[in-house]
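Chain lettering (A, B, C, D and E) follows the sequence in which the chains are written, and residue indices restart at 1 in each chain.
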Amino acid sequence: AEPFKLTVQLDWVAEPEHGGFYQAQARGYFAAEGLDVTIIPGGPNAFVLAKVATGQADIGQADSTNTLLQQAEGLPLVQFAAVFQDDPSGLLVNAGSAVRSFPDLQGKTIIARPEWAFLPFLKKKYGITFNVMPQNFSVAAFLGNKEAIQQGYYIAEPYHIVAAGGKEPRFLSTWEAGFRAYAVLVTSRKFANAHPTELKAFLRAYIKGWRDYIEGDPAPAHAAMKAANGNNTDAFMLASRQLLIDGKLVTGRDADGGPQNIGRLSPDRFATQISQLEELDILPKGKVTVPQAMTTAFLPVE
Amino acid sequence: MRRPFLNILLPLGTGLLMVACWYAVRHALSEDLKFLLPTPDEIWAALQANSESLSRATLNTSKGAVLGFVLAVVVSFGLALILSLSHLIRASLYPYLMILQMMPIIVIAPILVLWVGAGLNSVVIITFLICFFPLVVNTTQGLISTDRNLVELFRMYRATRWQETFWLRVPAALPYFFTGLRIAAVLAPIGALVGDYTAGSSAGDGGGLGFQAIIYSSQAKYSALFATAAVTCILGFVFAGAVNILSWLALSKWHDSYHRTDN
Amino acid sequence: MPVPPIVAFNHVVKRYGDGPVVIDGIDLTAAPGDFISLIGPSGCGKSTLLRLIAGLSPLTGGSLTVDGRTPEDAAAELAFVFQEPTLLPWLTVAHNIEVAQQLRGVSAADRATARRRAVELVRLHGRDSAYPRQLSGGQKMRVSLARALTLEPKILLLDEPFGALDEMTREHLNEELLDIREKQAWTAFFVTHSVAEAVFLSNRIIVMSANPGRIHREVRVDFPYPRTEATRLSRPYHDLVAEVSGLLRSVENT
Amino acid sequence: MRRPFLNILLPLGTGLLMVACWYAVRHALSEDLKFLLPTPDEIWAALQANSESLSRATLNTSKGAVLGFVLAVVVSFGLALILSLSHLIRASLYPYLMILQMMPIIVIAPILVLWVGAGLNSVVIITFLICFFPLVVNTTQGLISTDRNLVELFRMYRATRWQETFWLRVPAALPYFFTGLRIAAVLAPIGALVGDYTAGSSAGDGGGLGFQAIIYSSQAKYSALFATAAVTCILGFVFAGAVNILSWLALSKWHDSYHRTDN
Amino acid sequence: MPVPPIVAFNHVVKRYGDGPVVIDGIDLTAAPGDFISLIGPSGCGKSTLLRLIAGLSPLTGGSLTVDGRTPEDAAAELAFVFQEPTLLPWLTVAHNIEVAQQLRGVSAADRATARRRAVELVRLHGRDSAYPRQLSGGQKMRVSLARALTLEPKILLLDEPFGALDEMTREHLNEELLDIREKQAWTAFFVTHSVAEAVFLSNRIIVMSANPGRIHREVRVDFPYPRTEATRLSRPYHDLVAEVSGLLRSVENT
């Protein structure tokens, strides 16, 4: 039969956080499932959720926090698989800084996306206050200021900082603070209703791709990502992949973590996140329920 | 003048037309795109719902916009005076002014933040950078377009450079100057907004309109986002209104742009 | 009396850019107190000659001294009524008249006095607060004239100041001009197309020819100053007017 | 003119001075801030090292800049013609043009991306939005500043509206028009760059300079980031050069701005 | 012969904005072929009168018909030489002359012919490709005159067209003007400050008084056309010039 055409909107330019897609694509796993997948690289303003909600892309990569917020605004989205069991966004702290744990952030200035829900979460949880400066994908302020604290992606920024001659930064992760957001795959309700079979097929291939990427030879994915993003170097991709593996981002850091966990979403964790966001007044109370937010219907059954 | 009611009716009419178009476009949008274009009443509701944080943000952004604008006017005026001195000076300095204008904010912002700190200072400088070029170019062109006969009159009477500049070239350049001002008035609030979301700070009272815009945008609060934009526009109208009044005061008595027909 | 000349042209040549020669080999000296009229066909270089004296345009050849200096250096001694009114459109009549004095640093009180006298002279009372765009052509020229007259210069350059005025006003201003000359004793270069006016006002008339601009002939006018209405009615006056007119005709027919 | 060697020496001199300042500032920077201001030779090296991706990006951005610029010139010219018709029309339409200019890109970008797709289309529209306002304001002011005497001449000869516009007002407005063009020329590349990093797409051949800038910035590749800025500036110089040549062709024969003294 | 008047003023009043009355109660009819000179003191409203005929300025009171229509509607029949040259600075002399015809839709070939003739007439050969800023004051006025003359209008409005010209050129153009009039048979309104010129050219002279502008007296000039150099030398001519001068004097002394 004709392969089923499907587009995936990435949240950033092709980098190892998209290893699962590229490995599955390069190894032909998608094709084997009868899918013709087009991967659209993202960038600073990829508008992933809006594109998926409006049908300009079928599947998108995003983080669960933002997705919940946009679902509350009525975007017809559904989260149907995990990319990472924990969102790798966290705080980078300059090696020279005295800040070692969250309470030390009291009174500091943090360079971050202003909308990041983790920030009010920290304020509330630790009873601290700090300033926020908008982050523009730049690590300059971080490099230039020994005291700087900046939002960063665990598997990318530390590498670039070291490569640019900086000291390896400390990383304060969201999960340590108990803020358990996922990096997720989303699709629109419409697409989910119309194409359950294809979504299941997609996830089978995708999960296989991730597993192959972190356990096997990443070369096919790396070659494809290099082709898609000329700024990728082998050294960076290998280092980034290693951080993915060491941080157990794909497989999960909880006790039950492991390759069988790739892609899994937990309704309980979603319930927790929703109530956390509601308590912070970021999410209007009762606006989103777990069944509206996510589904495990397309994940392979164990 | 002869039909004063038209003076009110026509602008009002176009306004209503625009709002009608707005609703029409929104109506034509497919159901799942509607969220992108909230209706005016939704925006109005969002404005009220967020009035507290928006008014705080507006105050912050206004500060940045006013200071950046004033700075741009003063500096560009001085620069234009220098540039108007000779072709040679223009050839020597223009490229660097152009570079200043063309430096992407994304390159400048981190440097600024490290240098003067995030927040008002940076916002003012970014607003300045965005406003000053149209002012320099217009004022300079005005200063060098002075009627040659009048220049000769002044040369003839051995006016000092200072007198030639301030009694002749500057008044003669006013129509150009106000044109630049009209552009800069509109750029100032938007410049402050850009400054705010590239180098603002939530310190103190929580950032300006740019900050709010990012937050609303990433949370898909489009009504609130448009409310932010509406506030920015209102700010711009205030600026532009002030410029128009000044322009009227300075030019209406003598410049042809205010006298198309005689009566 | 070998007084040093106040203006001395020496083989002066002028061309604009790489255009044709406009003025060719002008030799002319003016003694202090001379009232020199320049007449000649349109485009023969009369305005250009005044512009050279005022230092507004560089010479192409020859030399020119004004009050013993270069024209540029001597400009403080000059007043110039341009062929066009050259008013500042953003200033009222009063301010336009005062602006020349202001440039010379005259105090506000003195300026106001001089301005009131000049306004009276050119008969523009009551129009002080009008803007140039509200004036008639002749009124504009009178403002321009008033502006120059407030300056009490050593040398006065007048480029067809009365061309746009009616005969009465013209005669009135002619007489006023001679009156002021008695008091202020400037040297005047006066461009006019009216032979009668030239004869009435000046002690020397330079008839120029065109293409290129050359001095065709100089005519001395020896009637004593002050000249009055009686002069205008005298026989020698009429004869001289006829003579100069004839010269002019001969110039233009070549 | 009289000192032709100055015409080359002075600009060259200021250029060298700037470079010297650059090195001095860099020298004065504390060791750990030096990375923020790469030296010209580092930038040059980065330019060569990244020549392939930069030239691809430059091509993309140039396309956006040229198309957006041309669109802005054409549309603004048409708008200015309409606006110049009467005070009433200006009062009715100006506010909406201002709104168009004041709409923060952050509000427009998602709509654009969803509507015309990320990439060239969006970049062209954003460039257009950034360039067109200075053009409209300047051209309109030029069109309404025509010498009243000349307008009366044309009225007198019962020139059609069309003739009055194209034979009189448009040529008389050229000095203003070129002033606007000079501003827009500098805004075009930067507009394309902004468009690229707010609504560009790396699909196809990999985005433009704005995209590169963000990537380099996030990867702390400052020399490459400055190289990107340098390319943007060069693009701007090409635009400005073209505008200067056009302006010279159109004005040098008759406009006082090209004839300060006679000779 | 009761031919309908080509221009008819009926109690015309004019004020600019809320300024004083400039023209007050003008009654005047011009028959086809009339050559009417307007003379009067500077600022009495001569230019304003022409502007009313041309429909450039609205009346404040009274009525005015031109060629049986409103001035606005009749403008296609007019040519106007303004008091100022009013040239387009971005066009060469040749294009400036042609522009009026171009506005009337005359073909390029016909324009070029008419332009060449007009350039010849105003003696500007060889300056076709000069820009206005390169011309002398008189040359600019001649370009403006040439532009109007190419039009062959029904009504010709001339506002001091010869004020900036030397006597010879002036006389030459006076004669040319009468020559063309023979052929083109327009009605002319001619503002001048030269009484002699007014008498030589016109069949009717309107002497105006100022503040506010009124018609003081009309003088008929009954010398037959064509008028020549001989007319200028004739006794009745001189007497009439003296009479009109006297009228003018009386007007200005009130």
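The rule is short, and it goes like this: a residue touches a chain if its C-beta (ideal position, glycine included) is under 8 Å from a C-beta of that chain, and two chains touch if they have at least 3 such contacts.
Bear in mind that the values here come from a model prediction, so they are computed numbers and not experimental data.
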Practice task
Please find the two chains that have the most C-beta pairs touching each other.
Solution key: B-D
Exercise for the section: Compare the CA centroid of chain C with every other chain's and tell me the farthest one. Expected result: A
Completion exercise
Note: chain D sits from chain B at a C-alpha centroid distance in Å of 16
Problem - Interchain centroid distance [CA atoms averaged], chain B/chain C, Å - result: 50
Exercise for the section: Indicate the whole-number Å distance between the mean C-alpha point of chain A and the mean C-alpha point of chain D. Expected result: 38
Completion exercise
Within chain A, the set of residues that touch 2 or more other chains is 50, 54, 136, 138, 140, 144
Problem - Shared-contact residues (touching 2 or more other chains) in chain C - result: 16, 56, 84, 133
Fill in the blank from the handout: Where chain B touches two or more other chains at once, the residues are 33, 36, 106, 110-111, 114, 148, 197, 210, 214, 217, 255, 259, 262
Problem - List of chain B residues in touch with chain D within their complex - result: 6-7, 10-11, 13-15, 18, 33, 36-37, 88-89, 91-93, 95-96, 98-99, 101-107, 110-111, 114, 133-134, 137-138, 141, 144-148, 151, 175-176, 178-179, 182-183, 186-187, 189-190, 193-194, 197, 210, 213-214, 217, 225-226, 228-229, 232-233, 236-237, 240, 255-257, 259-260, 262
Fill in the blank from the handout: In the complex, the residues of chain E that touch chain C are 16, 19, 39-43, 47, 83-84, 134-139, 142, 159-160, 163-170, 193-195, 245, 248-249, 252
Fill in the blank from the handout: The answer for chain C against chain B in the complex is residues 51, 54-56, 75-76, 78, 80, 82, 84, 86, 88-90, 99-100, 102-104, 131-133
Problem - Complex contacts: residues of chain A adjacent to chain B - result: 49-50, 53-55, 66, 69-70, 73-76, 109, 113-115, 131-134, 136, 138, 140-141, 144-145, 188, 190
Fill in the blank from the handout: Counting only contacts in the complex, chain A reaches chain D at residues 13, 40-47, 50-51, 54, 56, 136-140, 143-144, 146, 156-157, 160-161, 163-166, 228-231
